[in-house]
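First the structure, then my questions, so here it is.
Chain naming follows the written order as A, B, C, D and E, and within any one chain the residues start at number 1.
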Amino acid sequence: MVEPNDDMPLLEMRQVTRRFGALLALDNVSFSVRKSEIFGIAGPNGSGKSTLFNVITGIPFPPSEGEILLAGKPIHRLPPHQISRAGILRTFQKDAEFATLSARENVYASAVYCGRMTSTEAKEAADHALDDVSLKAERRAKAASDLSVFERKQLMIASAIAGRPKVLLLDEPAAGLTKPEVTGLSDLIFTVHRRGITVVLIEHVLPLLLNVSERLMILNHGAIIASGSPAEVVRNPEVVEAYLGKREARL
Amino acid sequence: HSADRIAKIGILAPLTGNSAADGNEMIDGAKLAVDEINAAGGVAGYKLQVVVGDTQNQSADAVTSAIERLAGDHDLNAILTGYASGSNFEIETMAEQDMPYLIWANSAQTRDIIAPHPDKFPTVWSMAPSLDEYNTAMVPVVKGLLADGKLRLRNTKVALISSDNPYSKTIMNGLKKSFESAGWTVTSADLLPFGEIDNWRTFLAKVRQDNPAVIINTDYQPGNAGKFLTQFLEQPTDSLVFIQYAPSVPEFLKLTGKQATGVVYNLLGGTLNTPANPRAAEVIKKYQDKYGHEPGTYGPALYEEVMVYADALAKVGDPTKRSAIGKAIGDTHKQIVSGKLSFDAKTHLANQGDDSIPIQFFQIWDGKRVLFYPKQYADGEFRMPPWMQQ
Amino acid sequence: MALHDGKLRNSKVWLIGVLLIAGLLVPIFVQDSYLRHLFIISFVYGIVAASWDLSLGYAGIFNFAHVAFFGVGVYATGLTAKLLGIDPWAAMLIGGVAASAAAAIVALPVVRLQGVYVVLVTFAFSQLVMQLVINQSNLTGGTQGMVRVPTIWLPGYNFLRDYKLGYYYVALGLLVITTVCLRWLVRSDFGLSIRALRDNEDYAVSRGIPIAWQRLKALVASAFFTGLAGGFYVVYLRVASPEVFDFSTVSLILSMVLVGGTSSIYGPLFAALFLTFISEGLASINNFAEGRFMLVALAMIVVLLFFPKGLASALPAILAKNANQKRSRQPVTASADQALMTSTDKENEAEAASHSGVR
Amino acid sequence: MITSDILSAILVSGIVLGSGYALMASGLSLVWTTLGIFNFAHGVLMTLGAYIAWTVSDAAGLNFGLGLAIAVSAAIMIGAGILIERVIVRPFYDHRDILLVTVMTTLAAMIFMQKGIQLIWGARLKQLAPIATGNVQIWQTTISAQEALIIVVAPLLLGALWLFLDRSRTGRGIRAVGQNPDAARLIGIDVSRLFIITFALSAVLAGLTGVLLGSIRLLTPEFGSEPLVKALIIVIFGGLGSLGGTVVAAYLMGLLEAALVFFVGIYWAPSMIFLLLILVLLIRPQGLLGKVVR
Amino acid sequence: MSNNTNALEIAGLRAGYDASDVLLGMSFHVGPTERVGLFGPNGHGKTTLLNTISRVIRPRAGDVRFMGEPIDQLAPQKIVARGLIHVPQANRLFPDMQIMETLELAAFTPRAREELKTNLDYVLNLFPRLAERRRQQCKTLSGGERQMLSIGAGLMCAPRMLMLDEPTLGLSPKLKDELAEAISEISSRGIPLLLVEQDIAFILSLVDRMYLVDHGEIRREINRSGELDHQEIMDMYFGSEGA
């Protein structure tokens, strides 16, 4: 396989549409994410951000129309678990974990099934990933449901890293976190990024979003209303009107 | 002291599950006999005692467990039942243990197991005769009624229906054959799944199109029979209605009341309750006095099984001599509730015939059973059912 | 991967070892063929219950066809042994394979369905199998059943004439093999993946776990042991009858799984022994046919009231009496409390409240 | 060939069957669609209701008439419903596997009550006196007045139930409790009261069904097990959380069964129905009327 | 009820889950028309505290008084009936119910029903998105939409006092502003407020007084008059992290 170079789009959406009855949750969306960038997505509530992640991963539904390509290959017709194995891993806006499995098992499962590793490799990878997110060692044997909010975020990212993704899709990872935790999270995202993983980030917590994103795209009513460098985008009057509101714009 | 010795008798009976009513009656019938015998001082120095094995839903492991538990008791040297399983598979186990075993129902299965090697089953005997007469007796009886002018039929068409169990199915197929060879047209011979049937209307609508002179339902479950009859009478056709077995169950009469008047059924090996066989009335009365309700088939049946066993024990003198007891049972000649009992050495079934255990034809009239065939036992006459053109 | 408390684990290993030896010695002390028969039957049910737990408890599939798989095993073995004259030992294996094949067929629709719809399809499937068995009466004997199925044999040994000694060891052997295989399965990566699927389907798929394929494997594997048990059941009893498909059989074995505890292999095994012996023990009381079932039902409710996770959860609790108990996830909520609050609870609360009052 | 006579027979018996199924399923559907609990004791509650009515109306010396019988039966059923909720459902409110655990406890309750009924009333067949006597002709088919009564009563009961759940505050509250008890508490719903109301209501529905069916069928302690299985199939098939689905499924099954009995024979009808069920679920994995939500 | 009774008074409140204690004796109060904030690191018991006050969880010890009356022994629905409304964190709501059904149902107590019309208009006005999607099922809502519905449902209960647990979770910046305005509007009608929040800017813009919750205890009280700034509060966070 030819490794795509840095300029080549790693993840590409072509005229992607998703309908729910009469509602157009995604309206003819096209954009691409370059290899090794951190790509931010924002937009008002219900503008279709999570839906975008849903159709990319096929979990729980594929797009109604349009094409999605990973490194130039169409993936929108693959069964969802194949999409994950092809290298697109996501986190969920709602908490998602294997509640009865231990934290370590959570990560291990991802390494085995998504990263396609052998048992020994996977154990190592799991420990590595948990080290990366610095989940305390004594918490790793706890059932995932017993972890605290932040620990669950750590777990979520660790399990994603262990799956050896090419692209990591993060859906509002900072929701409900305290300031210091948000800072910790942005460090985490950089760590992931340094490993050569492309990150797509949906976030309403602006300090995080603006801090880490290299490029930013704003959705409204399922359509792209702005994209470019974060600094540019936040000055866009349409974005201020639809998303930021007056006060944040003043910042 | 010899009178203190105890001979236990195991009774296999379904005490829980669908057939619990039968099972309870089996136990009651056996206890009736045992109490009577013990009150008279026991047999051969032994007091009898009933031990019960619950066959639940008659599944193989429930039956086997019940047998194992009974047979594990060293004071227990005989097992009696109305029926234990659908296949009578337990007969082989009984033979392996030389266990005297009397069984009332499923005589076809019993014959299939025993007939190839009757000498391998010296202790197993069926109180019921072969059921072949169910297949063949009907046509001559109907012909007789027609000849006597008691029955008038519009055509020679017959509709048959059965549920999917060996008993009903065999009878339906037998009847089909005998009607066909008598030149009748069989308009339908439908099979129902075994179990509860609520809706007979669609079947009856089909039957109505053919307008057969005789309708025969060989499904034996009283609940189904009741519904069948009710739904038939909603829009009756001019046909003779025959229902297998179910009308002999006491509740059937109570439940259907006047509706059942005119329905015909027959019985092989059931109680022969007629002045010609006072034994039946006597046993039924004893049962009714003790338990307060009329018995069906299995109360008197188990009563008689205990009596037959007791006779054999009296003859042999020692319950542990199982083979001797088995042989003594085989030699039985005795008037019992269903007629004159003797056994066929080839099949180990009770002998069948007008002079041994006869087939009986009944018609229900005003909540009573009128035995109209065979003539020597009859206590009434066949009459045209009320729904038919008189 | 499971990270057990070391001590707890040790005592568990000990216990299992002791039980295994006890199992081997039972026939020496139990000469009575009735008791041996009960052991054999409870071993068979134990296998069926434990393997059901693989699909029901571990994989979280509401599989109501499990008893039908057992029936498929019973009839496949019975038919091949009786009609085709295949050696009963081999026929038992065929029972397992046939049950697995049936499971694969069920899996086709089941893997696409959500939650309780699985109940419906699996239930419908078991009814279909039963109908098939009943209406192929030329082969299967229909409702009457199939008698004189040949039994297993060994050179120079007659299973029928040894007061069930041979059957006992065959049943025990099957039980041990099944347990070992099931334990291995649930502790393998595969076991992890099906538990993950049960916990959170979408998330599992997002971590590359193929949902349909894993479920199919879980069903096929659990059916195999069940079919094997069915095969043994028929060569042991030498009769196959359609009552194995009865709802009462389903509820009996389901009660073993749930009383024993879902997501446990040993739990259902012990529950099978426990329930078989309790219910048979009560059977010898005269005039108690209904009472016996009522008592067993009551016992089931009581067990579930005190150990809602099944007996399996009671065992580690007893073993680890001193060890720090892991806390349960259930919050003590306002609704459950009235029902569960003991008098001491209330006293403590009142006391504590008055303390804070004076402060 | 289908004559109008046949068509009438199929339609009428389909509707009779369907109404019966709808009755059987209604109470089960109530607890299932609202609280997400499968009450396996539902069938035996039907049995109990019918036996109580029988005792009051038919048993020697207690001949008070059927109206009273139904009233007494309903009253006792309320008690039975409350008892079931208190003893075998409430302790598991917050259990993670509440569905599975209550399957088990209600199964145990079913066995307990069924054998208890056998102990009290014996195993012999009984029949309730019908509420309505005589025959009624519908189109070209005559049915008993009792069945005609069921045809009328079933839609009324179900309609009332639907209105109750969809429109009344208590009804909506019940649905809310089933979906999220904690959130329900926080808007002022008395969760345990609604649980009790639901179970009591469902038990009364079961009792009424038992009384209605008990006069066209024979009573045995196992009387309720076949209706339970039918109800189970219909409720699931109808779709999750949808009472309307249950009703449609009931009538559809009734008509389908009647038609299949005619066209493929009564023998193959059950197998065909099961096959069709599987096929429908393959095409609509969310049940007949369940909404596609992913 | 006199005008100077505290809206809420907590004394020595202890609660937890099975074996573990989470609240280790909390005491604080909310004045008659006061707006009070709670903040502190994750997992230190804020949600547990609100759950205990609204009695989703049973307290193990301590007093809770609402408008002068003890409520710690009351059933949750009675507390709601008195007007103490808790909008829980990350509420799943009723997955199979529609938006309008949920809002109408939320006015469950007799008192709330009387105000149903007015409150409904108010909520639909506050969150026009909810009005657009009346018939959408709760489980298909986006994260933010669900949060709006959850707050809306709380308002439908006719609150005499509101307890909001992280109301801004998952809301867009613009919506946060609007929510802040709405909340201050509500409290300006004399409805006392207890607000749990991680977004310091948001909380500072709304409250009169704050408590720092740490390891199940009230670690500090911060008065508005002291005019703490962002940075100091941040330091407190970091400080408490180490504790």
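Points worth noting:
Heads up, the rule we're going with is that contacts are C-beta pairs under 8 Å (C-beta built on N, C-alpha and C of every residue); 3 or more make two chains touch, one makes a residue touch a chain.
Owing to the predicted nature of the structure, the values given are computational and were not obtained by experimental measurement.
The chains that touch both chain B and chain D are C.
Within the contact network of the assembly, the step distance from chain B to chain E comes to 2. The chain with its CA mean position farthest from that of chain E is B.
Among the remaining chains, the Cα-based centre furthest from that of chain A is the centre of B. Work out the mean CA point of chain A and of chain D, and you get 48 Å between them.
A separation of 75 Å divides the Cα centre of chain A from that of chain B.
The geometric centre of chain C is 30 Å away from that of chain D, both derived from CA atoms.
Chain centres here are Cα averages; for chain B and chain C they lie 39 Å apart. Residues of chain E found to touch two or more other chains are 55-56, 75-76, 140. Along chain D, residues 115, 118, 182, 185, 191, 267, 270 each make contact with two or more other chains.
Annotation for chain C: residues touching 2 or more other chains are 131, 135, 290, 293, 329-331, 333-334. Residue ranges on chain C touching chain B, taken from their complex, read 32-35, 37-38, 41, 131, 134-135, 137, 141-148, 160, 233, 237-241, 243-244, 246, 248-249, 280, 283-284, 286-287, 289-290, 293. Touching chain E in their complex are the following residues of chain D: 169, 172-173, 175-176, 179-180, 182-191, 241, 291, 293. The touching residues of chain C, when paired with chain D in their complex, are 56, 109, 112-117, 119-121, 123-125, 127-128, 131-132, 135, 247, 251, 254-255, 258-259, 262, 290-291, 293-294, 296-298, 300-301, 304-305, 308, 329-331, 333-336, 338-340. Across the interface of their complex, chain C is touched by residues 40, 86-88, 90-97, 100-101, 103-105, 107-112, 115-116, 118-119, 181-182, 185, 191-192, 225, 229, 232-233, 236-237, 240, 267, 270-271, 274-275, 277-278, 281-282, 285-287 of chain D. Put simply, chain A touches chain E in their complex at residues 20, 42-46, 49-50, 93-95, 148-150, 172, 175-181, 204, 206, 242-248.
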